[in-house]
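Both of the next two complexes hold chain A, though its partner changes from chain B to chain C.
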Partner chain A sequence: MINLVRNEMLKLLRKKRLYVIILIIAFLVPLFTYAQFKEIQDQREKMGNQDWRTVLQQEITDTQNRLSSSRIQDEWRKYLKIRLSQQQYYLENDIDPRAPGAPTFMRIFVENSIDLLLPLLVMVIVADLVSSEASGGTIKLLLTRPVKRWRILLSKYLAMMLSISFIVLSVAVLSYGISGLVFGYGGWNMPLLTGFAVSGDELLTENVHIVPQWQYILMEFGLVWYVCVIVGTLTFMLSVLLRSTAAVMGIMLASLIAGAILVNMVSSWESAKYFFMVNLNLTNYVSGMATPIEGMSLGFSMAVLAVWGIAGFIIAFVTFSKRDIY
Partner chain B sequence: MSDIPALEVENLTKKIKRKLIIKGVSFTLYPGEVFGFLGPNGAGKTTTIRMIVGLISPTSGTIKIGGKNVRTEFTEAMRHLGCIVENPELYPYLTGWENLEHFAKMDASIPKSRLQEVVALVGLSNRIHDRVSTYSLGMRQRLGIAQALLGKPKVLILDEPTNGLDPAGIREMREFIRTLAREENLSVLVSSHLLSEIQLMCDRVAIILKGAVIRTDSVQNLLAEQERVIWKAEPLSLAKEILEKETEIQEGLDGTLITLYDEPLLPEWNEKLVQAGVKVKEMRTQLPSLEDLFLEVTGGESID
Partner chain C sequence: MKPVLKKYTLTIVSAVSIAASLLWLFGLGWTLQDQFTANEKFEQPKEKTESATSKNEDGKLTIFALGDSLTRGTGDADGKGYTGYLSDLLKKKSEQDINLFNTAIKGETSRGLLKQIQQSEIQRQAKQADVIVMTIGGNDLFQQGAALESLDMNAINGKKQIYLRNVNNIYKQLRELNQDAVIYHVGLYNPFSNLSDAKTTSSVVRDWNFQTAAAAAEFENIVYVPTFDLFQLQVENYLYSDQFHPNTEGYKLIAERVASLITFEQEEDES
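Our next item is the complex of A and B:
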């Protein structure tokens, strides 16, 4: 099995996909670092004051003002209220939620890339894992070896897992390394709040507790890895089912983008919560953001994703070991 | 020829969407034999071959490679098999050597030294560390054979092995296949739609048409029956008159006469012609075209 996985990794490396992904990340991170830097600078200029408490106080006042306006939608009001109570909690406990530093940047970066950017990168690797063998004809040589078909597919799946882990790891390393040049490398032990729960339009703070930022980041990266594996598994299944890599990419891209759009408008369509693509934003549960649909929770979303992932895995393996190859 | 068959195909059928496309194909290959699989495009050659190598599962029937059933003992059966199905499609972004390494790693019984051996055998030593995307078709074909020979198989299956090769390449391939069969006691199954190719390469041949084997015989027997003699003689009418008494004749398009090839009688016919004052300008044997052969064997049924 190790030899088979090695073969798959060799092919992946030779196709240079992983390098492309590293390049994409290495290009985007400085971009976002600069954006973040500008934003902080901007805020400081506006306040004319270096103290974050004043800034936070200002934000709270802003939010309160917006809430008192009668023209805002119910949805928005709900979100603002949650945000407000969170901000107040930070202020009362003397915790700066946006203290700049490389770890903070890392955290914000993964939180924002979990539902689209990272799944897209995963897709680039996984989409042609099986379909390229079918369209290139090499599958005929691969499947006439003294190795059972499911073992060949499993080796490809394991290679996928390794690449996903590699992508997530390089996101961590690159975002820390590059942003640290600007923000400094400190801040691992900064206390952060987690455990927010949303019930109706109330922010439940009874389970809220403080964790050091490194623990918080570790948790978020775990969730990011989980989401990537599920998206990878579904792409993998499509790659088995379809001969054309372009079709695999098209379907995956369409559903991921559909997910990003749906999240913003499905709050009253309750059964939409069983789609995998509206459940990708797992890190939101950690930071205590409003859920797109009532009744969604971290456990629920992870379970929905697990069901989709397991189904995809089974479909992929059953089809692959039974299919006739022409 | 030993008595243990290297490849045994029995009553193989395949149904696709309720349509029977392979209708009970059976044949046997013995060690050291080159076996031809002859049929027009679409006759079911490739489908049959894909069933033998395990890419397509048969609807019914059994396939045994070196005595191992492909369905129930897949890995054991595949250990005795090397194949190229249609084109030799290898990984273009890897070097020839890496391709071989890749396939060698999939079978733990292949020692490292075997790679060097097969590369030397197919004569690719100079270019083996170049990327496959830079190879010519002939080189890819050779690399394809190298990968098929990696596991020291008992049975080698080549689907249209000379497709796209130039005449020199075709001859080289033919000699290579014969050498392999003779020296390594390998059974080779070669498919082709060209009779001339099968005739030069194979010991025995199975003719397949519309998903069924309509005839299995040695190449000699098959051709002897169907070989023709073409006569060019003057005056034509007289020659025709004389030959008509001896045998069945057909008139060729360009003023020639065609008779069956009957070796013991030929000199006699010739003598009679000469005695009657006919000038025999040319006498040559001609192989039947594949089409003729099919027409003959199937009794006039058309190919499509």
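Our next item is the complex of A and C:
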């Protein structure tokens, strides 16, 4: 088995996809670092004062002013209200949620890329794992060996898991390493609040507790990894079902982007919460943001994702072992 | 040579990936443990770090503005409001950098403001201020610009009593927070003074202003700044298209008036 996985990893590396992905990340991170840097600079210029409390208070007042406007959408109002009470809570506890530093950047970067960017990168790796063998005809060579079919597929699946871990790791390392040049490398022990629960437009704070930032980041990366594995599994299933890599990519791309759009407009269509693509934003539950649909929670979203993942896994293995190859 | 190198990278990448998998799995497990088990309620930090409470820490003049939409600057094309023009004017006059903190909220009533200054961050900023400017009461009296139509004197008097009590409390709290800063309470004008029943509305606003000024006089260093006269004659030229808030010109008038008072006080301090 180990040799099979080794073989698959070798194939993956030979395709050079992993390097391309690392290059993409290495190109994007400086871009966002610069954007963040500009934002901080701009804020300083405007406020003429570097005390974060003043900045945060100003933001709170601005939000309050927006809330008092009558021409505001209900959805948006709810989001603003929850963010407002959260900011107030941070302020009251004298914690700066955005103290600049490489770990903070890492956290913000990963929170923003969990629902689209990282799944897309995963998709690039996984989409042709099986379908390329089918379209290239090498699948016949692979299956004529005296190894059970499910073992071959499992070795591919494990190789996929490993490369997902590798991608997530490189996001962590690159975002830390590059942004640290600008923001400094400190800030791992900064306290952050988690455990916010949202009910309607109220922010519940019963279960709120402090975690150091390094634990917070580790937790978020765990969630990111989970999301990537689920997206990877679904792509993997499509890759087994379809011979054309382009079709796999197209379907995944469409559903991921549809998810990103749907999140913004499904609030009244309640059964949409069973789609996997509106549940990708797991980190939002840790940081305590408004959910796209009433009644979603971390447990719910993880369960939905798990069901989709397991179903995809089973379908992939059953079809692969039963299919006629000619 | 090349295949050997490849094998080498393969081993490294695989080993790193396996280690990373374990790390992320651990992170995931920790999330589950952290989010789904009840945590003991964390205690609010006993004492907050009161950093930067000393005044003038950077040698700048700090203006703290609070109140309603007038202080916010609703109706001004540049969004500055009188506070923005005020700090521009003061910057020019004193050749000093100005810190302006504006915490005004549109539609704020005296009750809302009283609640707002209970917040610790607002209090901290009030403590640091060299100058405090505020507007309040417009929403108490005009009910967001819609009222004053019925002109029911009993109702207006009732509102006035509540308002005066709140304003008194606001003054008292601000004074407790900051003994030295001069507080400029910018008064009301009558936005309806070109309408048919201008006489009645004007008398209501005048009375309202008079009572506020009387309340301000009870405290040391609270200056009541009238604006009634500024808008009395050419009200339509100084009002924004909602016929209620001042426009840019109107805000500039208010700013000039407040600015002249502030420089005067400063010079007196220095002499």
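In this text, the second predicted complex is superposed on the first by the 326 of 326 C-alpha atoms of A that agree within 3 Å, B and C clash if a C-alpha of one lies under 4 Å from a C-alpha of the other, contacts with A are read in each partner's own complex, and residues count from 1 in each chain.
Basically, contacts are C-beta pairs under 8 Å (C-beta built on N, C-alpha and C of every residue); 3 or more make two chains touch, one makes a residue touch a chain.
What you are looking at is a predicted structure, and each value in this text was computed from that prediction instead of being measured.
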Partner chain in contact with A:Phe166 - chain B first, chain C second, else both or neither: second
Which of chain B and chain C A:Arg6 touches, first, second, both or neither: both
Which superposed partner A:Gly295 touches (first chain B, second chain C, both, neither): neither
Chain B versus chain C as contact partner of A:Thr194, first or second or both or neither: second
Of chain B and chain C, the chain that contacts the larger number of chain A residues: C
Contacts of A:Gly136 with chain B and chain C, given as first, second, both or neither: first
Contacts of A:Glu92 with chain B and chain C, given as first, second, both or neither: second
Common interface positions of chain A, toward chain B and toward chain C: 6, 10, 14
Of chain A, residues touching chain B in the complex: 3-4, 6-7, 10-11, 14-15, 136-138, 140-148, 322, 324-326
Complex interface listing, chain A residues touching chain C: 6, 9-10, 13-14, 18, 48-49, 51, 53-54, 56-58, 60-61, 64-65, 68-69, 88, 91-94, 161-163, 165-166, 168-169, 194-195, 206-211, 215, 218-226, 285-286, 298-299
Contacting residues of chain C [partner chain A, same complex]: 6, 9-10, 13-14, 16-18, 20-21, 23-31, 34-36, 38-42, 44-45, 48-49, 51-52, 58, 60, 72, 97-107, 119-122, 124-125
Residue numbers on chain B that touch chain A, as the complex places them: 50, 53-57, 74-76, 78-79, 81, 83, 85-87, 89-94, 98, 102-103, 105-108, 147, 151
